[in-house]
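Structure provided below as structure tokens; questions to follow.
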Amino acid sequence: MEVPDLLTAQQLDRLREIAAQANFADGRLSNPHSKVKRNLQIDHNDPLYEESANTLAEAMMRNEAVLNFAYISRLAPPLICRYQPDMAYGKHADAAFLPMRPTPLRSDISSTIFLADPETYEGGELTIHLGNKTISVKGKAGSAILYPSTTIHEVMPVTSGERLVAITFIESQIMDEHRRYLLYTLKEVSALEGFNISWDNRVQLAHVCDSLHRMWST
Amino acid sequence: MEVPDLLTAQQLDRLREIAAQANFADGRLSNPHSKVKRNLQIDHNDPLYEESANTLAEAMMRNEAVLNFAYISRLAPPLICRYQPDMAYGKHADAAFLPMRPTPLRSDISSTIFLADPETYEGGELTIHLGNKTISVKGKAGSAILYPSTTIHEVMPVTSGERLVAITFIESQIMDEHRRYLLYTLKEVSALEGFNISWDNRVQLAHVCDSLHRMWST
Amino acid sequence: MEVPDLLTAQQLDRLREIAAQANFADGRLSNPHSKVKRNLQIDHNDPLYEESANTLAEAMMRNEAVLNFAYISRLAPPLICRYQPDMAYGKHADAAFLPMRPTPLRSDISSTIFLADPETYEGGELTIHLGNKTISVKGKAGSAILYPSTTIHEVMPVTSGERLVAITFIESQIMDEHRRYLLYTLKEVSALEGFNISWDNRVQLAHVCDSLHRMWST
Amino acid sequence: MEVPDLLTAQQLDRLREIAAQANFADGRLSNPHSKVKRNLQIDHNDPLYEESANTLAEAMMRNEAVLNFAYISRLAPPLICRYQPDMAYGKHADAAFLPMRPTPLRSDISSTIFLADPETYEGGELTIHLGNKTISVKGKAGSAILYPSTTIHEVMPVTSGERLVAITFIESQIMDEHRRYLLYTLKEVSALEGFNISWDNRVQLAHVCDSLHRMWST
Amino acid sequence: MEVPDLLTAQQLDRLREIAAQANFADGRLSNPHSKVKRNLQIDHNDPLYEESANTLAEAMMRNEAVLNFAYISRLAPPLICRYQPDMAYGKHADAAFLPMRPTPLRSDISSTIFLADPETYEGGELTIHLGNKTISVKGKAGSAILYPSTTIHEVMPVTSGERLVAITFIESQIMDEHRRYLLYTLKEVSALEGFNISWDNRVQLAHVCDSLHRMWST
Amino acid sequence: MEVPDLLTAQQLDRLREIAAQANFADGRLSNPHSKVKRNLQIDHNDPLYEESANTLAEAMMRNEAVLNFAYISRLAPPLICRYQPDMAYGKHADAAFLPMRPTPLRSDISSTIFLADPETYEGGELTIHLGNKTISVKGKAGSAILYPSTTIHEVMPVTSGERLVAITFIESQIMDEHRRYLLYTLKEVSALEGFNISWDNRVQLAHVCDSLHRMWST
């Protein structure tokens, strides 16, 4: 799902400022076994790191479209990444669990938040493989894309300019993607048609939605 | 669920005629270990047995309310039973599986079809125990009740007259009672409000119904 | 399930005292979209609120019958509600999740604790819809009823006097109502017959109970 | 999944011949409630219908790629459809169950087999909606596409020429699409790397595949 | 599970007679890809094959211990196998599905029926690997062993004499081994203690057994 | 699963020292209803208790074999137990849940860590019942065994010397034992053969492992 205006202009400016000032480390530090990861990530020890993570997390947690779609149970602290010319992140699937307190966070939905204007860099598309189809995304600055962590995906090599993004991972109340989408669909219909149907049938629809939500949460 | 007019007047007359002419056997023959069953059942070898079973099965399979509610996968041949004064069927749960070809039939829903006018006999209520509540049913002639085979239930002693009923068992496409009821509810709302909502939302609702039906069938 | 003596006479007196002294707010504040809710709820900011919630929560958490039946994982803070003449709460289903720290509480079981003598008010029955049957409850002061949050239910209009109750919501270790009830039944049989059967079979029964408990907890 | 050469040149020729000679009926006959279906379907009573269905079914059941991907439990008889200028099939989801003997067939995977060269007609793309992305397919003559029956899809209006296809529906041993794809992936890896790994590890991989196949079949 | 007296002395004599007269084929014919199978199997085209399969299948289907333990839904035709000196069947897991009409048979439980006296051959133990423990079985003539088809197992090389056995595969109503065993345990306790507990508690236990049987059957 | 060197020589020495100095209480205090438990357990109030629990917990949490096998979500504080002559712990199954903050800990895997040399005591075998097979374990000092909490097991009477062990309980991310073992097997194969197969197939295998881990975690 694409979220067009996740960040306000001010948030976007501040995050670019932080990216310009903070230290960045080699992305391989957090995935030492990967043979395909070549990028830079904001240094966790930099005092600006926490501000960037908080700003991005709040933007996610306050966005109606994200909340309705993702049924967020927990959110990993978002991380700013940069890809300079020749950097890329080859085909991989995101890890099922991220180390977090008090228990590991299960990554059900992955998200990329675009911080750079797509006109300012070449290459660097996020390419998601669905069976033998692929979907390629290069979003506008301030927008975000959410996609299942179960897909195999890659970031194509950047050939000029700089790809500046943030990434984060969502543990959803509803692990299964297909069920999550069915409930989302049913709630959308209820919201759109709520005033065209009788009160009794609204109660029945809400009852079905609540029952599915309960039954599918883990 | 109560089904008010499962049988037509003609069907009812013919079934009572059959009950008057056919041989009946001791109900303990089919449940030799039961200490609480005291009733009579139509003899499987009586030539009228098959006619009675076919008439009752067709009435079930053609009733819209039954079809929408029960998601019938298979139906056991209905069986006419009579309870004369002092007969009863004490507390029991219906067996999970009935011997049938080519594989045993799983009983998800039990049904009693009332053949005698309730004014013509005293006692004989079907009493269903739900936790520590009970529901008592003594239906009109030609009506039926469907209830989960998982409940503990009993037929109270008949004190005068004759309780004439037929019983049958349904294997449903959707084993779980709660799921079956949710899908029934959603389909009812779709049917009632289909013309008050947009075509696109009708397609979405149908899509959710079909997906749940598929996901929950076993 | 009905719990006859959840509260002691002293607890009941003190809760009525609190209800007489504390501020109450319009129930619509916590459900702004509801068209059917017309009642009063104790004000969360009133210093007496916390005492009332603690007293009621402890009564629940120490009651053997509640513990054996509900497999409580978490309990929402109970809330005193009053219904004065003409107040009611029309047909609705309880929300699947309540906002709580650190994660939302899933409401599996709803509970009403009766604080007023049923003779002191007219109307105000709690009516639970099960398919097209209904169960109506107006409990004795100090008693409680537990019922699945998945049911559609309503509070009938009060016509005279005042209905004073507390409500709370339970997240159970076992979400599915049917499974929870099966395990409850098996444990009851084990407890009642434990001394009539051999030690080896007691171990086997305990083993089955533990395995089901483990398998069904989420 | 796309299957490039499902049909041989001879099979394709014969099916086109049949399409030229057989009677076709209005597609609305089999979906009387649909407001969006406008096409023609081969008449079930035409003596050529059975030959066409058998030829197509055999081609499916003998194709290695189809068998490995779909875990076919049952296959609905394929049906030749034609779309002449202005015909189309608007947005819809395929029904969850098709009437079949002895029990209804659950449609898990839908398939379109292309019989006309794509250069011979304009429009008529099969468009599959995945969230708010779409995939458009217009396959070569003799090729087929398989896609989950749970998606909402449509056939765009034909503007010139004639779109000649056959459609069929698969009940899979593995209902859930995500699980089916995981097992397919694991078996592919085993097949491709079987000779590069030790015999003991081949046995272990086969054991995992068999266990998942068993566990997920319904 | 070991079944001491599956076959009567007469059945055992007749099956040995058949084995002495019938044609046997190389076991690799039915598993052409296996590198570890070295045995002989009775020829399906031999007129005595059907008699042997029927005798063995009936013995299985009439054995109380087998029926209570395995919840047989379908049984593959048993097959007589012989292992002469130097023959063996290396480590393998049984296939999840066997080709059968009208649908493939899922193998949940594998069974070996011993036809030769263990004193008449050396080697040839059936060795079942459970994690890094192993269980070795060399049963008495006429006895059988049932074990989960999911285990990795092997037949050790025969060093002298002849190992004569029959093998068969069971599709169970309850696929999951752990659940099947829990239900078996609960039914055993009910059977053993049925007369030591009250009628009401017997009904409750039967109700739990039936509900689990229903819930877990697929 | 047996873990040969869970404890270093120093850890083992220190734990024996603690066992020699600390107070021990009757094991019946924590299971007052048990008729079969006769052993001694380190006193929770002894100041040495916490050191012993921390040392043992760290050894578990840092052992690669344990981590790969058990998918630990939470670990109960390990407890030192001693069995002197005539002590034993008869047949029992471990409780499904242990009281712990903030929610009860579900015991999926039980572990015994051996602190005494097996030559220094007679009897005291840990005997695990699997159906009607048994496995007997008397491990080397410093080693541990992990086994499903669902099994019925016992500690045989000690006839001379002293059996000194520690016990602990693991809540696993993957409750079901069979699924946990399948994932363990698949990860082992991936680790062992990772460099013999192509990068693309390594990514695919990792993707299947991550998807199963996610799907099966609760």
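For reference, chains read A, B, C, D, E and F in written order, and residue numbers begin at 1 within each chain.
The rule we apply is simple: contacts are C-beta pairs under 8 Å (C-beta built on N, C-alpha and C of every residue); 3 or more make two chains touch, one makes a residue touch a chain.
Here the structure is a predicted model, which is why all the values come from computation and not from measurement.
Student: Please report the smallest number of touch steps linking subunit B to subunit F.
Tutor: Graph distance in the chain contact network comes out at 2.
Student: Does the subunit A and subunit B pair touch with the same residues on each side or with different residues, judged by whether over half of the numbers are shared?
Tutor: Both copies, subunit A as well as subunit B, present the same residues to each other, with over half of the numbers appearing on both sides.
Student: How many angstrom between the C-alpha centroids of subunit F and subunit D?
Tutor: 51
Student: At what distance in angstrom does the C-alpha mean of subunit E lie from that of subunit D?
Tutor: 39
Student: What are the residue numbers in subunit E that touch two or more other chains?
Tutor: In subunit E, 150, 176, 178, 204, 207, 211, 218 touch at least two other chains.
Student: Chain adjacency by touch: line, ring, star, complete or other shape?
Tutor: The chain contacts form none of line, ring, star or complete graph.
Student: I'd like to see which chains touch which, written out pair by pair.
Tutor: Contact pairs between chains: A-B, A-C, A-D, A-F, B-C, B-D, B-E, C-E, C-F, D-E, D-F, E-F.
Student: What part of subunit F is in contact with subunit D in the complex they form?
Tutor: Listed in rising order, the residues are 178, 182, 185-186, 188-189, 192-193, 196-198, 201, 204-205, 207-208, 211-212.
Student: In their shared complex, at which residues does subunit E touch subunit B?
Tutor: 73-74, 173, 199-200, 203-204, 206-207, 209-211, 213-215, 217-218
Student: Applying the document's contact rule, which stretches of subunit A touch subunit F when the two form their complex?
Tutor: Contacts found on subunit A: 35-36, 91-97, 103-104, 106-108, 149-150, 152, 175-176, 218.
Student: For subunit B, which residues are in contact with subunit C within the complex?
Tutor: My answer: residues 1-2, 130-133, 135, 150, 176-178, 181.
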